[in-house]
């Protein structure tokens, strides 16, 4: 923590801040500049509270230096966390493709979709049984019945299941049926729910809130990991901006930025990230090129009949074409070799 | 709903859309423009789904016309909803002031604050017992013990209590102690929680999510009202923008905009809306001038020791000065008479 | 400037940064924390470039401490700058009202509007002769002819004239006719234009760019003042956000924030800041309550025939009512006395 | 244009709107819905002004249907515009790489960079002679001298030159030295400048403003094309959002969105779009994968000494590695064949 004093802070102001720091188990380190004084806080910092220091006379601003998250940071754990489901690995270089409808609508619909997903070569099946809808009058999902249909789809195809959980009370039920529990964007800061999924031993797919900073996103992951569950897959799904031609703005900058700072895998949802069927394919390719550990794609046997998200859902043919292109990309990347060492040395 | 066809939509494209509308219990109304065709949907519209129509060939975009909310709209109920607590009225022209600390920290702290709030002439006491903190390592509130301290503050001062509830399971407990249940910004789209507070018969203070549109805000209120509880107080608390000098951007445009479109009262939280102690007073005055039905202000006997939000909390003296100014403003407004009828006629 | 080193920065990394600082005429002040090292830069700082230091190995981030602006800051000049036009004063407590049409459309239109503006008690007349329109096919203003009509309006009413200038080449021409030159939001970072108006000796009304931070806004004012012209009136006119119910989000937080940090006056434009006629009155009142030094309001004799901005323009009756309310507010404020000294002492 | 009447609009309100439409050379098409009436405008629409209709009693909102741009739209010109410079083609499937320093700093610096750019296989050299800096105290570029150094770099390497022009008056001078004239983000709505570059016969690289919508971006291109110059290369360079870990948010959604709606080529600037050296490579790959027609990358022989943008500039080695990876990607894409026809039929 660095404390910037105002230009006309008195020496009494400075010594009061220094005293407060000393009283809270840390050491002040004072730099008298030509214009103003800056005080660094050295030692254990959690007792020295930024908001308190900010209220002292003569303090202009307080700049945090330490990152607020710990267990999710790469400083804490250097190697990538790889989330494995019986051979399918998130965070192990090869992208994982999750696909399926926004909502589970019927047994037939989800079984038919599961076959499409499997035949196209994708790895996991997604589908919502509990749906967070912005209108109370919209289809709210089939609930437990939807979970049973998903279970059946897994039995028929062998595909693992990703499905959303909306509240802490439902976690045991959903965990009984799901292989990966999804926390939706609207619940990214529903801390009671985060704690609840932090106490189970199944992977959690955590979607970024629609106006969450990277720090807030990682802090929400920290809630889960601090309860004991480190099987977390982050998911970028677009942020809210002023842009009018796509439902959200897919923020691919966050993918390498998260990888620098955290050991957790991160995937991308181009369906929500664009909200437009015609943008899903190009943005899927961009997400893979930027280094995402996987994709989450909405596909439906008959998008024009889907009970939710029809306009950002691929039909089977479009999905198959996309998977063809994805597989070509993955294969071509495997053959890529960066410039060799000599060149780097002489560069 | 208005469906805009592409410039080169065929007549088959047009008739397919028209047919779909007819099959779903509504009537198409086709306008052949010089450039493109537009199809209006007349009759019951909820069966005609925007997302489905958007997937038809030849459809460029689908524009919703009806508002998605009903019970909260002024079209449904013309007169203002007045939320009353034994004589204190939200939505009845005279602003209501709610004040108190971010968190209940101890019995002494909340009792001391309650006296300050009462003596300064504010109307309700706020204080968090369950706190949604972005870090799992931050103070999470005193929980049930905090509720008991709030109860004691009410007994001593007679002030009604506003406190936050974080999840559906806690609603009965919090409702036992609180007079008004607060839904925080992070939970504005926690629909399970909204439904839960919709089923009690105590007022709900619903804070706007930090990137919620007005429509989403009102849809969240619709969740509550559709469960039977119409005692809703909306609260603007700042939105997230690129701005760097205040924690959030207080959006006062929404106050008169909500009043045009809805019958619900709306108050303003200048503490979160600015995040800076020095901006609370001017923005409080602006909120009253724009027509807010009340204010929600953070005050603490010793902000420099507060366990949360210290940098956006007034001390007792600052709060008393603000209340003095607020009361002057309210009184001066009561004496205001708009230009008289004659002038309007001749204008 | 404070340089934060990474957790695993080597002592060589640290000494290289220190050396760079020394070589550029400043002194490094090194704090070895438990986790990481922080280096303060003491002395003349403009030679030590933030972007360069950021490229050194082991540097995590560089935090600027000094404000990038000087002449516009309150640290440089403690007292308010008051911009005067023969008795009309911006920045001298009493708000100044500027009103008029978006565009000068005809001699009759501007003369008629000038009478309305004058009769309602407003202080300056605005009107665009050169219009920056987002479409090349929209009305672009009457140009020099428009300036002449404005001049005639001044002759007839005695009102001073505010009008926009779009490019450096036009500055002498516009300055010949205008009393205050307006720089529009789209040109806030048109530095050639800023320099040009910095060289004249007439007041400049500088509108905030639609996504400008406060720092950028003040830096643009710094461009003008650094050329010699300190007669600058800042103008908040709404920022671009995700909000859908108003054209822009009027950011009133910036008014007291600017006043803290700068000596320049700042006014508010509720017409552009809302984009909706029904929001102009409440937001005008809010702007005055927050402490704005004035308002810029669009008024037209017949908004339904205006060639631009019709939907955010008041008609004469609405404007007169607003002025009546504004005058009541100003008078009531003049009678306000804050709590007296004794109470503050005992608080 | 579609006019939505309020629920309680009277038949007089409706007939007044209809009459206005008729008087302005178009035809009203009235749909009486169950809830409200909607009026379509058929025929030539530019005479019927949205803002005027919005001021009529009983009008709730006016929804534009036609796109405001014409000459840049794919409806106007179906085939891609290919901007050619002696064999280098923007918009012809193969991406074009433009690279160079932010600013031209000296003859040696630009000649050295030009060699690096050429040897790495990039196609054009960029470098700023006139620099728009947010501080008046920052390096403002070498001006005409910088243009001469760029000319020398072209003579030595054969690389074409891209450089920025800041105001209309400078256009002839810059056009004398540059092969492509760049309009920077801050000047995207400097209409006088747009008109000036619309009158020359050299390609224009138009950067998106930092909070420009796609419509505004294309309207700015429309300004250029409407003056006669259709050699326009659009450039996405990141938008301003709340995000804190990158200088801007690179919006790759706009690339395929623009290609749907316009025939103009669009390239991507990952240097400004991220503002971080470590994000340039991954976002460059993403931009190519999403279908960009080229990249604009900052490279400098010694970023740690660059006079501007040092922290988003690659050094020669990093740039060479990136070019190696780009070339691998381009080659692998050339060998890609989508799924064949049979599969599509059976899909």
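Chains: A, B, C and D, in written order; residue numbering restarts at 1 for each.
As a working rule, a contact is a pair of C-beta atoms (placed from the backbone, for glycine too) under 8 Å apart; a residue touches a chain by one contact, two chains touch by 3 or more.
Fair warning: this is a prediction, and the values are worked out from it, not measured in the lab.
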Required minimum of steps from subunit B to subunit D, each step between chains that touch: 1
Between the pairs A-D and A-C, the one where more C-beta pairs touch: A-D
Distance between the centres, which are taken as Cα means, of subunit D and subunit A, whole angstrom: 30
Whole-Å gap separating subunit A and subunit C, where each centre is the average of the chain's CA atoms: 38
Shared interface positions of subunit C, touching two or more other chains: 211, 240-242
Of all residues in subunit A, those that touch subunit D in their complex: 211, 213-215, 239, 241-246, 249-257, 260, 273-274, 276, 278-279, 282-283, 285-291, 316-317, 320-321, 324-325, 328-329, 332, 336, 338-339, 343-344, 347
Partner subunit C, residues of subunit A touching it in the complex: 2, 4, 7, 29, 31-36, 38, 40, 42-44, 63, 65-66, 75, 240-242
Partner subunit C, residues of subunit D touching it in the complex: 46, 49-52, 54-56, 68-69, 132-137, 166-169, 186-187, 189-193, 195, 210-211, 216, 219, 222-223, 226-227, 240, 277, 303-306, 308-311
